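What follows is a single structure, and I will ask about it in a moment.
For clarity, chains are labelled A, B, C, D, E and F in written order, and residue numbers in each chain start from 1.
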């Protein structure tokens, strides 16, 4: 039995609220159960130094957690003077995943920054961030196309992400904090709407995992991502 | 005529949403028009080194702004490696104001940290933060009393804050960003429910201001704070 | 009775020593009793990035305190790796005040930096810094005019500053450290020679203050600043 | 055809030189072709603050790259004032992997730090670091057992790591820099001598990868790790 | 001919003003011509962690330069977020030299920090700092003895320092900035009143120097230090 | 008797291994007994900002120590967020010494960076670094000449360095860690092949040293450097 009484293959209630804030070119509040991540997309008409003059754009991400998004207060990274290893690892993952969704040569010499800020954390913040960031990115790109700044969308794939794991010897989908903190294995999976794998990051927490378990987790991830993909689409068909 | 078509003595629509997040001991979303600040109160059973063994508690504040709370993206302070002067100045102001509301010797050897994070900025974020933080603080203290950790509330005053200024030669209440960025004078005022002054910070932006203008601004502030005080009370009477 | 046996409306002995150091374009040692601040003005023929190509100049300030300016040694900020919130707050205040004294569009594309370094601290360092920095600024500008780099002075106002407060239930002028550390209210006021207000920063330390007390403090400040303005003028008439 | 003319399932020449330096409790130079990583294990008789009094030990890792380990000089992280995201990500991976190899409750209240410094980089530095660090760790633990500080070894598993990828549409083992920089997919795999998975980190660089490709890569990894495990064992049987 | 028209073996006018500031346990303004360094000694009743429980004290130094001590403004180290290599090198030199003057085991478990802040720089700031710091140290130690905190002075040697160099092919004593910036060789020498060498730091700036030149410089240094030693003594005999 | 049983004027076994790593334009492993320093020279076709447009090149050095190069693990400077004073002092010394060996106006607008990383430390790391860096520099410059980027070598002097000291009242050459940590005096000397002095840095550790001791140490240094110069030459004659 999962702490949340969900079935092993059951996602938490999923909600995307586009336009949650109004200043950014794209904005969405992504909620996976009690996990809430605000994703905004900011368009800037310049590229980082290493890309200047290369006739292409850039997509990057930053991740943050409000100090009291967690059960105990986490010291503010701005006050400590640096971003921790976990933060840097997560924002590198989000950025890579989003870049895999677009053709940067069709973006023009501009940068889109996806800021993913965790308002409340209950496990799976990085996968919620990726799933939400794709929506914010698409909203921003639609704006660029609508305003004539881009002739067509450089988005080439839809992507979404979910966490899976082995909890109490059972492969489960979309772990909340109670499961995540005592899971034997933890895996984050990013996939496209066509079922292609973009990122797989699996970690044995308590014991090594087998190829059989890995396959079961990947099956669960594919099953969950299919539903997240549908929920992302619903945002745009409304 | 104000850009928002408000009367000179008119506040923006004001809303306090207690319990906006659930992990903190106290939490409220404070909205002054389009300005939205999430205030949380975190209780920790220790005091900073300089207060150890002095049989008193501590109240402190931290302030942050999500990168895309503003019209143009503001670089993330955690990534730049330090908090800017404006951030430090604001969180010092919030902390001082909240400490003036409580008797720290009745708090026990514990620290309450008020995190004020700006989700969306449209002027007046620091005064919204103070007004919201007082609510979060009271919720947290009620919890300490309810759980028996404190025999009685160390809160001795209700405080709230508002910005006033001189815009187009007219003293006005509760400036939004459009007014704030072209005001001749800008003043932040923190007051108690009994009408006492806690903080007054006035700055001539374009031209020096007179004692007459100063008095007009303080009158407006008192008028506005009275309404904010009422709205704070309504949170607890519901 | 004040610890220094001064009358409530009495300034400490005031002394400005222009040319205290010789390398800077402008230099003055400002002494308010035992408080001693060295103010230098440095002219650089460039503006910060955000002002490039805007046909205007910039005036900015930096503030520091020697480690043993105080009764107990304060750790050196250069060694700690960052300037504290108090330092940043003060240097922002000095810079804003001095910019209010000049027409930046008449300064040309150059920056004048006012470095205010506290050699000895006995209360009121920030207001001594502002009062001294105005002198250093005027000396530097006179040099620019004398050398033909500027056709006329961009200085449009004379400014000075003083601290006031409520000590032992009495409004008093120009607090020294003994008063400052136990005052009920502390207020810093910056004014022009024409009596206009530039900055008012009042803080309730022990109890809220009233409008009546605020007015009494502002009256004292106006009275003190008048004398400081005269002392500044004397530097240039000698 | 691979740039190095190796078969798809062929490792680079592999060499472990134990005792490469003499000050550390364990030391080995790990060479995978031209990639050379110096791994040292340092034993300290204390644990980090979060583990004090819990009757267990800690294993952690740090990773660094000499500035000219690479084809173009990389700025020294010590000079830049912080470790980059890639460095932090890698040292977190090494630390997690090594902790999975040991029973920390049998280590006593001591810390073993694995320093993995890249002398020369030609792809696969993090997997070479993990494979070498296990040897350095075992040497250090043997010393603790030999000196009577530990009654028995807390090492419970042998682990090793290798990189795999898809290059020119073919799954390949142990990518060098020429392959790594133009691979379609890149995956790092950490496994035990019993074939259990410890870490799987796969990233689509140019195009999504399929479950079929993933399985092919995992097969190659298992094949390669088997040989590395044998080479590690040979160090101890000599 | 030297730019200052001094003879090769002639010091600049030398002045020590004890008690220049009043908060520190020891204070002196050291002037070598236009070079002015404020040296203060601060006594703290604790030792750094590495000396705790060793029944000895510690003497250390910090060095700083006001931004406009120099002909062009030097950016403030506190603002840049770190002390530069030159600063660290100089304060290590001052600290080592002063420790050589005292018997730390007779100092008790306390730390004396010598802060040497350059008010105005015209060459030779580090040697002026050492010569002045010895005076500040002795004043502070006399206070400890006078107050009964120490039974006797732990000072065992008198030390002073001076710079020498080769300028225009001639060995010269006590270089000012005009000489220092175009000298062929620059050497800083710290000696005791008994003529023993404490530190010798010589650097070829334009061309290698010979043993003959080195000896000539050391003779000049001994000659100059003798006079500085006398001037230090005069401070205490007055 | 020296701990190593060497004669007072005897160097440790000396070995230079050119080409120890292959990516850099110049590379050598310098070994003085158990002290091992990897020196690489990196050529970059740009100069630092302060030299732009001056038709000259730049030579600079960086120094680092692997955490476990020492008997006890030294915390990694990259992790601590800054280079220590000792590191900065050493890399400034190496850079100055190497610049004295070359005519920078003949180098073209390029920078050569000497990275000196201590693999294992047993005393004398800075002098081993200088001696090795000269070899790496010469290899890199030979490459620039061979490829036609430079018409002739800008190297004008051969330099090498050694440490000397007074140990157990006897002047000794090339101190190892056992001697260095209990020497009365420690001196580092950099000289040219023509016997000119480039740097002399002598420090009294336990007691002042005399001119007689200083001369004895300089004689020993000259004797040792002569042999190091010969070993450097042998690298190029092979």
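The definition used in the following text is that contacts are C-beta pairs under 8 Å (C-beta built on N, C-alpha and C of every residue); 3 or more make two chains touch, one makes a residue touch a chain.
As the structure is a prediction and not an experimental result, all values here were calculated from the model.
Asks: Along the graph of touching chains, what's the shortest path length in steps from chain E to chain F?
Replies: 1
Asks: Could you tell me which chain lies farthest from chain F when each chain's centre is the average position of its Cα atoms?
Replies: The most remote chain is B.
Asks: More than half overlap in residue numbers between the two sides of the chain A-chain D interface, or less? Answer same or different.
Replies: same
Asks: Measuring between Cα centroids, what's the chain most distant from chain A?
Replies: The chain farthest from chain A, judged by C-alpha centres, is E.
Asks: Any idea what the CA-fit rotation angle from chain C to chain F is, to the nearest 5 degrees?
Replies: Between chain C and chain F the superposing rotation measures out at 120 degrees.
Asks: Quick check: how many Å separate the C-alpha centres of chain B and chain F?
Replies: Spacing between the chain centres: roughly 59 Å.
Asks: Give, as an integer number of Å, the spacing between the C-alpha centres of chain B and chain A.
Replies: Inter-chain centre distance comes to 33 Å.
Asks: Centroid from C-alpha atoms only, then distance chain A to chain F, rounded to Å. What do you get?
Replies: 50
Asks: Where does chain E touch two or more other chains at once, residue-wise?
Replies: Where chain E meets two or more other chains at a single residue, that happens at 81-82.
Asks: What's the ring order, kicking off at chain E and moving to chain F?
Replies: In ring order, starting at chain E and going to chain F first, we get E, F, D, A, B, C.
Asks: Note which residues of chain F are touching chain E in the complex, please.
Replies: Within the complex, chain F touches chain E at residues 82, 84-86, 88-89, 91-92, 96, 100, 157, 187, 191-192, 194, 196-204, 207-211, 214, 218.
Asks: Within the complex, which stretch of chain F touches chain D?
Replies: Answer in residue numbers: 21-24, 27, 34, 36, 38, 40, 42, 44, 62, 64, 66-71, 73, 76-79, 81-83, 87, 113, 115, 117, 119-121.
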